[in-house]
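There are two complexes below, and they share chain A, which is joined by chain B in the first and by chain C in the second.
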Partner chain A sequence: MQLRAYIVRRLLLLIPVLFGVTLFIFGITMLFSPTARAMLFIRDPKQLANIPALIELYGLDQPFVVQYGNWIGQVFQGNLGYSKIVSMPVGDAIVNFLPATLELAIFATPLIILAGILLGTTAAAHKDKPLDHGTRVVAILGWSLPTFWLGLMLIMIFYGFITGFLPPGRLSVQMDLLVSAAPFVRYTRINTIDAILNLNGPVLLDALRHLVLPVITLSVVNVAFIMRLMRSSMLESLGKGYILTARAKGLSERVVNKHARRNALIPVITVSGYLFAALANGVVITETIFNYKGLSWWAWQSAINLDIPAILGFAMFNAFLFVLVNLVVDILYTRVDPRVRLGEAVQ
Partner chain B sequence: MSNRFSKLGWIALAALLIVGLIALPACTAPPAEQQEEEEEEEEPGGPAIPYKNDGLFVQMIIGLPETLDPPAAYDNASGEQLEYVYEGLVYYDREKTGDFVELLATDWVWSDADLTWTFTMRDGVKFHEGGDLSPEDVEYSFERGMIYDRVGGPMWMLFEPFFLVGHYRNLIPSYDPLSETWEATDQELVDAFALVDAVVEVDGNTVVFQLIDPAYKLIFLQSICYPGSGAIVDKEWCIANGEWDGTAADVPNHYQQEDGTTYLWTHMNGTGPWKLNDFEQGVQIKVERFDDYWRDPAPFEFIITQLVEEWTTRKQALLAGDVDSVDVDKMYIPEIEGVADLLQIKDLPELVGVAVYFNQDIDMEGNDYVGTGQLDGNGIPADFFSDVDVRKGMCYAFDYETFLAEVMLGEALQVASPIVDGLYGFNPNAEMYDYDLAKAEEHFRAAWGGEVWEKGFKVTLLYNAGNDMRKAVCEILAENVFSINPKFQITVLPLDWGTGMVPLLRSYRLTTYVCGWGADYPHAHNFVVPFMATFGTFTEFMGYGSLELDAALQAALLETDPEEQLAKYYAIQQTWYDDPAGIMLYQTSGRRWFTKYIHGFYFNPMMSSDAGPLYYMTKSPS
Partner chain C sequence: MRDWRFTVRQLVKNPLSLLGIIIIFIFIGIAIFAPLIAPTPERYEDRPYMIPRDGYWAAPQPPDEDHPFGTTMGQYDIFYGVIWGTRSAFRVGLVVIGVVLLIGIALGSLAGYFGGIIDEIIMRITDIFLAFPALILAMAIVAALGPSLKTVMIALAVVSWPSYARLIRGDILQVREEDYIEASRGLGASSGRVILRHALPNAIYPTLIMASLDIGAIVLAAAALSFLGLGAPEGYADWGQLTSFARNWIVGPPGNPLKYWYAVTIPGLFILFFVLGWNLLGDAFRDIFDPRLARR
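So, the complex of A and B:
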């Protein structure tokens, strides 16, 4: 199957998936009574008298199908509702908060994957030797560390003891004022990318300086997972017949590892895709501790403040992202393993 | 051999890592005893704080404004931003709470005969959007505030001096305070405007305010110092942006306008030294210097206020010099007390009372904080707290001593009632609750005819996220109540202040509420009304109070015999003890923390801004 046709088919598949997700999420909100859902619009005592009017206005007592239809109709028109906790439309909130989270994910994911692959390969190549044990212990310790503890420790050391070295937040105050005013153009609201597009070195350096600690925190915590997966996958590959044959023919360990690593990467790619999606959705603690307010912070605030439109919008975005990542992962398979053909089962 | 070696290596590595992990926290937070020893060896003064962000004032706080519309704003976070951007007619003279200095008025004269305040307006003042200040702007601002009359808002402070009532609705003859269904007609709203129009009049370059009783002579001046009730807005600009057009006919369209629907909710246009630059809800608010300001330019080009709930992040930002001031909860004081480069201003005589307030008439619809909504052990009914035994049980279940000693570090006093120490009318010998689990049990057993004790309850106690002192209050109460009877379950939950707590409160859905009240003016009346009057800021949403109590509060204020007046306020305090609306917790003495580069702070307990009078403050490396 041609790549383009495959992508189109998978994108079309996105429609029923999103339909299912929205149906499920919307169905959960329907567990609340019409009055309870109308109350979510109430911010002011004066509105309390208007609950029946609100129910009628939003059709909250209509059958499920009608209400879902109304809601999905609004969604198709780009209206995801209004997020009360940030006082802006949900769509705007996603656009507003996504860049921060995306920036974290963009920097953390490659680091986690590369470190995980490197450590996993090294551990497998030195199976049951001190290097293997040491790598695994370090990785597992990283995995076991509570994110909040690690984050706070890093802040205390690299921002506290080494005063001001690696600060929290997204930008320093001066740079924040600089990017907020002309002539700096915020193309993507991803500070590092915008800095490059504006050819602004100081902003780029400042943005990178603010990224170091949250990225390290995310990496330390997540790298163990990739490392362990890579190690076991690598060990499996190293035990395969073609590797034994290669060794018997006298190929160097470097070349042997290279061949084995390529085949061992398939499960890692799968997990890495989801890792990116997960990082782009669920780094609440990191964002809170480092004052790096992104999508996760907004979603968490929405959840505890029962900001239903925001929760629905976030969940839809989440589903969309996961499906998209799944597609990218499938395409990557073909690049790593020529035996895999798009549209066919992985051998 | 190889296997033995690998095991040894593994053990060595593990040991190293364990030691490292143990050593890491030890490096950062030594135990108290060890800390004392180390302090002797360490250089005194802690880390040097570098000078940064010249020309800017940056602060990290735990709550951003709920609204930027003056007559709607009645919380510190909102009031603080209003103080930067808006101005009133007069303001307090530095620390003094009874003396005033000119702002938009150059002169003010009281008439004993007419009970009027006459203010002469300043010429040559511009609004941020370019408009010129006129006396008509003043009349419009006060009348707009009274028409808006946000429930729980600050305008009661003006309705009282003008009319001896708390709300616009009280001006309508058909209003029935006991009716739950009464609603004003449009015509009634229009007709009542004549009364409002009559108490604020423009006369040439002066504005005349007609008061109703001489008891309010000083209170009126103090009330208009609060930016919510006293801020002057640009009439033409407001009208151009869809606000009230200044006529009686338009009153029904703007009377108690819904939250978030006024243009001024998110837009600002004052005459103050700073103008609004940007407000990112949940992130930060920035105000920038107004170049056409009528006085000398503001000392800071920008004031940047960032929301940071996490204490460690705030602390490290302060120590790194990236911010000039942060909110510091009492329990964290030891962490920064010894830092020489920090300017610490302590023992500030704050007029603040903090309480856990119980809602006696909870709106149950769509309420996720009441469990099943029944007295069945898995929730509470709407009127659960209306039984005084439940409230008294709670009062006895709070460990005041431990809280004051360990959380507030001895920097707070338990208070008996909303009338805190320092206010006229305070009774130092008033009866107050102590921590007594036996008495608490006694009251819980008596509550709801024994049903509470038998079935138990489940309820959510909310506090504003980032306020760790209030979090401690909730946790202590939850734990103690649970220890009395395991069927008593309180879940503690943080919510964002402006976007979570306030909307819940204002829709009557808060079950319990850790609330604090800071003085608008230094008088007992300013405290008993919010906590005890039917139209009070807290009471309005918590189902407490009665018309009789309202009358008693007003009688105490209007009493001319000082001894009689004192007796009346003592009686009010006793009423609180006998029928507590909540657990009156503490009154704290204040501290402020800045880097040493900030100069010129002075304290007035009526200021909304914890950072102080920033217009009079400076920042320099010297």
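So, the complex of A and C:
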């Protein structure tokens, strides 16, 4: 299939997915009485008398289909609603909070993939030796760790015990003031990148200091996962005929491992799509614990404060990203494994 | 069906899975004997799952003879909380896995066996669920239904069934074309009978066992929700909540930064070991069931 046709077809699939996700979440919010939902619009007990008027104004007692239709209509006009907890339109909130989360992902993702592949390959090459057992124990321990607890323990040790060493948040107070003032230009709102572009050493150092613990918290569970996957995939490909041939030809173990690794990578690429979902989950906990104000911190706040437009907007944005990431993964797949053709089932 | 004795021998021979089994049995023991290990004080007799509190002082107090693990914020007894919290953990894990497997088996076998439009519809629905990070979806559901242990279970079931439905569909697809399925269909067996008597028993045992070992993961997710303030009511014996009580007491006063270490460390270790037990066992099973690696 042509690459372009394939991409178009996959992007068309976005429509039912977005429709389903929003319908589902909208359905959940409809479980509340119109009064409860009208309450979200008032800030003062004195305004309680306005509730019937608000229900009337926003059509909160209309049938489900009508309300959903109204909302979708607004979305098509580019209006995602207003996020009450951060006092800005949902679209602005996404733009505002995305860079922080991206920054976490930029540091965590390569770390997870490289460490996972390296450890997994090493474990497979030493199958059933102490090194293999050791990495296995570490991996199982890693994915049994409650992320929130790991984060708190890290804070206890690296912020409490070694007082003030690696603080929570995104930037310390002075640096935060510095980056919002005139000479500092916010190109991307990603602190580390902005600091480099502004050639500002102290800001870079400060941003990195705030990133270490969240990135570790986010990575541990996923490194364990990728590592185990890489190990079993590597073991499988080491058992293949072409490896036997390579060995028979007298190639060194290093070259043999290289042959095997290339093929062992295929399932790892597949799970990179999974990694996106795993990161999205992990980031909620990480941002909450470290008071790191990114997209997921906002999502958590809106979930516990019932900021419905924010939850819906975030849901759509996430589903959109998810479909996009999986599309990229599928295209990458064909590059690594020439046997795979786009649009055909992958075994 | 695999050789059971072989499987059991493999599990016991492997020190890691043996450790997992021992950990799980210790937790089962704690859950069963909770009333003996941490007796409920008289004034709490009508609500044994509420953690007894010793005053209303905010700062956690270190372990002493009355409170072997100390008290956490609000003077809730940590020892009582973690012991009875074991029961909460098993309840959440078992109920959610049970419900999820029922839904997964029902929809997965329908999709796999009949294929066509039914398959297409069910799989697109699972797509929708899988397109959204499970924890965030669960958060939204709990927030909407009102935080409680029951809604946590509902939310976890709602977000977890799609992956099980997919796994079971895959299993069914593999056996659907086998001769014995064809034969029983040829003999006039109804679709329901073929699925229940022939396809399922031959297809799903590995999936079933792997799924039941997901209890650790489910309990971990439930603890995370409780930690985020979207779980058990305040004072309920629940590991996630105990950890969240400690959140404001991670770092002690200057000069004694580790003053409140017990408040966060102890509940967290209970979660870690519980999940570790199931994962150790799960890892061993994965090797046993992996046809590419097994018995090599």
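General observations
Operating definition for what follows: the second predicted complex is superposed on the first by the 322 of 347 C-alpha atoms of A that agree within 3 Å, B and C clash if a C-alpha of one lies under 4 Å from a C-alpha of the other, contacts with A are read in each partner's own complex, and residues count from 1 in each chain.
Heads up, the rule we're going with is that contacts are C-beta pairs under 8 Å (C-beta built on N, C-alpha and C of every residue); 3 or more make two chains touch, one makes a residue touch a chain.
Bear in mind that the values here come from a model prediction, so they are computed numbers and not experimental data.
Steric overlap between chain B and chain C is present once the structures are superposed on chain A. Contacts of A:Ser180 after superposition: chain B is touched, whereas chain C is not reached.
In the overlay built on the shared chain, the residue A:Asn291 is in contact with chain B alone; chain C does not reach it. Of the two partner chains placed by superposition, chain B and chain C are both touched by A:Met153. Of the two partner chains placed by the overlay, only chain C lies in contact with A:Phe322; chain B stays clear of it. By the touch criterion defined above, A:Trp143 lies against chain C but remains apart from chain B after alignment on the C-alpha atoms of chain A. In the superposition on chain A, A:Lys129 makes contact with chain B only, not with chain C. In the superposition on chain A, A:Phe32 contacts both chain B and chain C. Looking at the shared chain after the overlay, A:Ala299 reaches chain C, while chain B stays out of its contact range. Comparing which residues of chain A touch chain B with which touch chain C, the overlap comprises 32, 133, 137, 141, 152-153, 155-156, 159-161, 163, 288, 304, 306.
Listing the residues of chain B that touch chain A in their complex gives 2-3, 5-6, 9-10, 12-14, 17, 21, 24-25, 28, 47-50, 52-53, 56, 58, 151-152, 183, 256, 258-260, 266, 277-278, 280-283, 286, 302, 304, 306, 308-310, 312-313, 315-317, 319-322, 363, 365-368, 493-496, 499-500, 503, 506-509, 541. Of all residues in chain C, those touching chain A in their complex are 16, 124-125, 127-128, 130-137, 139-145, 216, 220, 223-224, 227-230, 240, 243, 246-247, 250-252, 254, 257-258, 261, 264-265, 267-268, 271-272, 275-276, 279-280, 283, 290, 292-293, 296.
Per the touch definition, chain A reaches chain B in the complex via residues 32-33, 35-40, 42-49, 51, 84-88, 96, 128-130, 132-134, 137-138, 141, 152-153, 155-157, 159-161, 163-164, 167-169, 172-174, 176-177, 180, 288-291, 293, 297-298, 301, 304-306.
Only residues 16-17, 20-21, 24-25, 28-29, 31-32, 133, 136-137, 140-141, 143-149, 152-153, 155-156, 159-161, 163, 228, 232, 235-236, 239, 277, 280-281, 284-285, 288, 296, 299-300, 303-304, 306, 311, 314-315, 318-319, 322-323 of chain A touch chain C when the two sit together in their complex.
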